[in-house]
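My questions will all concern the structure given below.
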Amino acid sequence: MSSFNQENCVSCGHHCTSCQAAFADDKVKDECGVFGIYAPGVDVAQICYFALYALQHRGQESTGIATFDGDDFYVEKDSGLVSEIFDIENLHRLKGDIALAHCRYGGRNKKISNDNIINALPMSFNYYHGEIALSYNGALVNKDALWQQLTENGAVFQTESDCEIIASLLAKHSKEALVDSFAKTMGELKGAYALVAMMKDKLIGVRDPHGIRPLTIGKLGEHYLLSSESCAFDAVGAETIRDVRPGEIVVIDKDGLHTYQIFDEQPNFCIFEHVYIARPDSVFDGQSVSEVRRRMGQILAEEAKIDADIVIPVPDSGTACALGYAEGSGLPFRMGLLKNRYIGRTFIQPTQEMRERSVHIKLNPIRATLEGQRVIMVDDSVVRGTTSKQIVEMVRNAGAKEVHLVLSCPPVKFGCPYGIDTASGQLIAVTHTVEQISEYIGADSVHFLSQEGMLRATGLKPEDFCVACFDGNYIVDPEGK
Amino acid sequence: MSSFNQENCVSCGHHCTSCQAAFADDKVKDECGVFGIYAPGVDVAQICYFALYALQHRGQESTGIATFDGDDFYVEKDSGLVSEIFDIENLHRLKGDIALAHCRYGGRNKKISNDNIINALPMSFNYYHGEIALSYNGALVNKDALWQQLTENGAVFQTESDCEIIASLLAKHSKEALVDSFAKTMGELKGAYALVAMMKDKLIGVRDPHGIRPLTIGKLGEHYLLSSESCAFDAVGAETIRDVRPGEIVVIDKDGLHTYQIFDEQPNFCIFEHVYIARPDSVFDGQSVSEVRRRMGQILAEEAKIDADIVIPVPDSGTACALGYAEGSGLPFRMGLLKNRYIGRTFIQPTQEMRERSVHIKLNPIRATLEGQRVIMVDDSVVRGTTSKQIVEMVRNAGAKEVHLVLSCPPVKFGCPYGIDTASGQLIAVTHTVEQISEYIGADSVHFLSQEGMLRATGLKPEDFCVACFDGNYIVDPEGK
Amino acid sequence: MSSFNQENCVSCGHHCTSCQAAFADDKVKDECGVFGIYAPGVDVAQICYFALYALQHRGQESTGIATFDGDDFYVEKDSGLVSEIFDIENLHRLKGDIALAHCRYGGRNKKISNDNIINALPMSFNYYHGEIALSYNGALVNKDALWQQLTENGAVFQTESDCEIIASLLAKHSKEALVDSFAKTMGELKGAYALVAMMKDKLIGVRDPHGIRPLTIGKLGEHYLLSSESCAFDAVGAETIRDVRPGEIVVIDKDGLHTYQIFDEQPNFCIFEHVYIARPDSVFDGQSVSEVRRRMGQILAEEAKIDADIVIPVPDSGTACALGYAEGSGLPFRMGLLKNRYIGRTFIQPTQEMRERSVHIKLNPIRATLEGQRVIMVDDSVVRGTTSKQIVEMVRNAGAKEVHLVLSCPPVKFGCPYGIDTASGQLIAVTHTVEQISEYIGADSVHFLSQEGMLRATGLKPEDFCVACFDGNYIVDPEGK
Amino acid sequence: MSSFNQENCVSCGHHCTSCQAAFADDKVKDECGVFGIYAPGVDVAQICYFALYALQHRGQESTGIATFDGDDFYVEKDSGLVSEIFDIENLHRLKGDIALAHCRYGGRNKKISNDNIINALPMSFNYYHGEIALSYNGALVNKDALWQQLTENGAVFQTESDCEIIASLLAKHSKEALVDSFAKTMGELKGAYALVAMMKDKLIGVRDPHGIRPLTIGKLGEHYLLSSESCAFDAVGAETIRDVRPGEIVVIDKDGLHTYQIFDEQPNFCIFEHVYIARPDSVFDGQSVSEVRRRMGQILAEEAKIDADIVIPVPDSGTACALGYAEGSGLPFRMGLLKNRYIGRTFIQPTQEMRERSVHIKLNPIRATLEGQRVIMVDDSVVRGTTSKQIVEMVRNAGAKEVHLVLSCPPVKFGCPYGIDTASGQLIAVTHTVEQISEYIGADSVHFLSQEGMLRATGLKPEDFCVACFDGNYIVDPEGK
């Protein structure tokens, strides 16, 4: 008799079970969601708690909240989901009216055994100006050089987090006025970042000069908030004001919001936020992610005309685009695949013989919908292609006569050094043509949205986006030079 | 400063947090999913584990697996979700090639402090014929009378479960041949039930004379399985054979499947399985639940013609019907509400002032989709109306010009004594007309599918269903007389 | 490099770690502690909680408390120690002014995977007279015959506990008046038992006709309590009144304590309670266990005169006796072995090469005390001899010139069918003479207290004790005939 | 009806339960145990695990192990006891043949919510020379000045631990050769410390110039170990070699042990290690703690002659001294108080009315031993006096005619700035004479061992000890000047 298979999960790092992200392993991944609020007189811990639920899709490995109550500093963070980590007891310990929150995905390559706890954010530091806490999303391309420079001058690091580098630079410039020390620190950082810093009486938001990673400003009554995505504002009943501008520092204190435009470079927002990462109900630069995705589907329907019977999404990421495709093509939209909502972080991998079945646990085709149909299946992107291959086979086994795979972006051919994990060594599009991908996946045809079409769907200027993962034109030198 | 609100959850019974079901409190609820397998030579624990993921929507309070390995009997069950209870360690303890599995929702009124553990299934019993374990979905209407009769004859009960009554009856008839003892027991039971019993070398499936609760037969290679729904067969790679017939006993042993038709009454399958309870990818009597729901939407579009711009579902239960409505009406289908997938069982209730916001955590409207639109919103049913009211208001606040609520069944006016929890004392349709419901909910109009339309959508004979919750015509006397 | 050793613990049954009892595996073991209180108007859950701490030495595998609050019945029980299972939350759930408590050791041979939870006490039953809960210590020698008789009459059992047999007999006699039903049940039971039953408005204490297992009556203000040992009364500030008499039923209700002497046989109290099982601060029949043990040491000093330098106990069970021996012999008493107080239930077994060291973790010799000394080491009894062998070697390695082992009882040669686990198949005294035991253990000499001396130390009549484990004269036929 | 009392525990910081240390709140406390091993080719994690059991009495709030395996660094640490934190899974993750271990008590005044996790040791740092981990016991009196100096030069701190100050100083001197950087760091530190540092290929032990805190060298085969106390060497089968000398640095690498005597000042070992803190089976400077305590008792018997009947210890700390007193006085030694071994870290405080009883749960007097006796009760020291008062009353209530309290050290009158928590603001001896203490406690008399007698009992030179807590002569300026 066989027994269960124990694999190191690519995401949670444990050796015996695989986490929620396991099925999503064949997906591009963002690495963090950040949130901050300063609301004098308001108990902000629960606001952070609700905001984290809305940002959870940006990172499921660890999460944390840090607060100040005037006198003391509190932090609760751990490995796990918001729903696993926070309870009434620890939320009550988080006293104060100023707070940071964070959720994190730590990447695929981990060296230390308790990475998710050691590197969990927010991180707090005590330096020349007192206590400071940081919540951060991004990646520094010159991290090694900064590490070298700082340790030569006596710096000590306890984690692998970019936050410690940033804290050490802030400390290096700490004899300057506060905003200046942040500006000088930005001058030394190369890469993509959205940073929220909390001090005793202020919240500071910083976005990298190109605005690669998102950071948005919200308002709850007269109080300001910062978040990676606007959906967190909806979750706490706040209003979305505007995005923090590329190269901008915003300071939120008792007098309101102050802005300092430090850099004035070409904006290059990460297009993958629109393609896959962001929640459909978020808005960037006035553009609804959901609507952008629907327009991607409409443009795909023009670009890739397929003679078929029905359009189905791969839930949930392909849904908005599939609706757009159905509209554009005039074909009926159907839910041909059912996604199981109960797969938790500790889903046990089946034995080899149960492998194929396990796909049906997470995603099950509806035979009555698919049988005898020529199916257009819409997904966001293809990374390694392994999951697409399984799903195509599953749909075919459920009776589909044809399966055409349609994607809402071009082939991903280049790794991302700006905080997105694209499993770069395994990108199928690096080594396979579209026809070869189609053959590998077992589809009747595969169609990628054109880069031009993808950018057009955003409703914004094409040059305002970073599309390096598609064309290799890196905004900032990936080697940090 | 405010603090968190602690309420007794209607579902999990804990005093400080509310479970996943809290938001679904305004929903009709089923009370169990059952599963059984006999596969000589196969390690069946993991098959049960995967099947339970597929049946989890039928009960989220406790779950369990019981196995036999020829010599010994093993059981692992606890309060919680499949993903919370089972790990490699306890699955390995479940040795054997014959097994039962179960997931359970225990109803709203609980007297004892650890109901979810004490009453968790499968339950195992030792009686005259040796070890027997039971997995059960249903409700006995003559439970009190049977309790009275049995205790007068010296029976002892340890739980509030119907299973113990059934075990005691089997023991009472234990001098008979095994199938006869089951048949005599059926003769004493009144109500709705789907029962799977496991003995050392056989699995026994029993469905009540009217077939009110579902029970389906599957096949994995040459091995037979039993399940509340066919989606569990898909999850384990098994084939769906047929439903157990109303009043039928099936015995699965080393020689295969044996059938005994004990009663031959009018079938009355629970229509609510099609309306809401079952998973869309399940099939009953050859009818796909997903397709039945889509037809309900099409018939609704005929019955309730509304001058509007878009059709949106209340996810996830309204999705299939909304698609049908969109098709029938020719209006565009849109995903105007986003459901948060990370709300766990321990979601902490917000303070009063955060109440309205908390709706947005679980469900968030997409303004870009809804703004300026006349919206038709499709849901399955209205129970108390409180949730519908919140969602209508949310959609309106997101800019919808009009909100029309459309339901895929008639008004629920009568409590269900057959294993469905309809929160009967609080049914809005008992005290309100359709107009009054519309006013209470704040919709521009409310439309219920007709009983005739609902039954027509099933593609089966209308008299083959129990529709007592709509018309009060109880198949079996609810008082057990 | 080596790795950790995973063994099935004889006590906790888990496969990967060994519990607190592992080191005590070479010890005779009792199987339960019982407690009950009826105190109208008093919140009794916390009294039970404190009492359980005092009774914990009688069973460390599972523990539970059950209460009634007039309307409802509450029970909280689980596998683990009192300190692991109870917290403010579940104690608060245990409402009411009448309660039972229990701690349990389940024996070495377990068939089912979750024995500690399934068989945990108190158990509650619903029968003809309503709700009844049972807390029980003992063993029925005619269990199989009763099981046979009861199942033939339609009884159903869910556990392996004697409690269910007793409940079923009470149900069988339930048409009788309550005390009569207990008396008739006693008439059918053979073996040793101390039983506390709780009904809505009364507590019932029952001790077997020979009084083999202990049961004591206490008083807290005007309220009565029952306990296996009087140390639990000290822990809750109650007064010790008297032992329940062999063959007596006591009923505690709002009118106080009522007594019914059902049997009048020769008392035969288990001598091993005095030798090892009971806590030194408990009192049985007016005799302090601590003082009985000290007298055992004094008598040993007369019986076994040894030319040596110091007397040391094997802590903690040998301490009182060693003090007596030192007094009797005039030799100095020393603490030559230090017991580690932090070994928890999940102590991980060392690898083979670390085995010898692991003895030093739990017990460490003090070289400065032992070096160059001729040591008399006092312990309670020898079961398998393996632990004694290790300790003698350890003491010798710490520099002792001679090591003489002195025991406070005769050689254990017979298994106990009355609720004490003596690991009967492995008793070294069955196959070895005293000289051979000494040789096996590696001691310079081994001395056992005589049966006469042991009984004299009790200060009571010798015929009032059961000494079957030493002489094989079983009070009640071990086969239940 | 009353309910449970929820207090912030002085030790574990939780708000609802009090930890194991709660009853010991009226005790002086040490703040850490350290351990290190370098054993090429040996899997050292389990050795650390066993060593931690032996050091657990030095700190029960958090514990951790850090290892190197040549390539990577691993750390597992958490709030809780060794038995709660380590299991086979996380011990297996701790790969490597060089390791540090630590157990910690964090003091009574905590500012941050998760102090026990944030400040848990070992701490690891990455600096100019690569990875370094630190395990530390002690207190720096010039911490604030060092903090000021270091942050002015751009240092950043994440915890409140002295370890970070030390790491920052090592980084400041990192351009020096390794031993020189440690020597220069020692030159800037003022206070008491025992430090074990681990780098990729070496272990470094450092003891403060006066040797206030203990650090001992052991040998396991050819491998060297470092530990706060020698009892950890016994636990792992290692030999005790010698104490690290005050002001000495030892470096353990593949070539063995190298010594560097950096400072050559008057040794001043903490006398309280002998009085209370250390385990009786440990040895400092060749003197057995157990024997030192016994001699303290003998000297006490000379100094404080009392006309009484029996001598009893307050277990466990008073046992060795009580034995010495009994020997010196010729009075019989008895175990008159029984200590409950099952009180865990989460013992729930009783309600006010149960307060007195709760003393009996943790410690119960044996009436048969005490009744009618004039009792000499031996304890180590009196801090606040509250616990002594309770115990005296308890002994008197158990029938003692007289109760004389005898202590193995002089009155504690001064706070300790060197890593011992004496609850300095509440020392009864600061405000009360011996007579007043006796009156407060309710004893017939109270007797303290003289400072001269205490030092004589050590068998070493009196000037080689720090006795500042008794006479206020601080070795190192407590203000750090």
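Just so it is clear, A, B, C and D label the chains in written order, and each chain counts residues from 1 on its own.
Simple rule for what comes next: a residue touches a chain if its C-beta (ideal position, glycine included) is under 8 Å from a C-beta of that chain, and two chains touch if they have at least 3 such contacts.
Because the structure is a prediction, the values reported are computed rather than measured.
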Chains touching both chain A and chain B: none
Furthest chain, CA centroid comparison against chain D: B
Where chain A and chain C are represented by their mean Cα positions, the distance between them in whole Å: 58
Distance from the mean Cα position of chain D to that of chain C, given in whole angstrom: 35
Separation of chain B from chain C, taking each centre as the mean of its C-alpha atoms, in whole Å: 47
Chain B residues counted as touching two or more neighbouring chains: 16
Chain contact graph, described as a line, ring, star, complete graph or other shape: ring
Residues of chain A defined as touching chain D within the complex: 15-16, 72-76, 89-90, 93-94, 111-114, 118, 123-128, 151-158, 164, 167-168, 170-172, 174
Complex contact set, residues of chain A against chain B: 1-4, 6, 16-17, 41-43, 46-47, 49-50, 53-54, 56-57, 81-84, 86-88, 91-92, 97, 231, 234-237, 279-281, 283, 288, 290-291, 316, 319-320, 323, 327, 332-335, 338, 340-348, 350-351, 354, 356-358, 360-361, 364-369
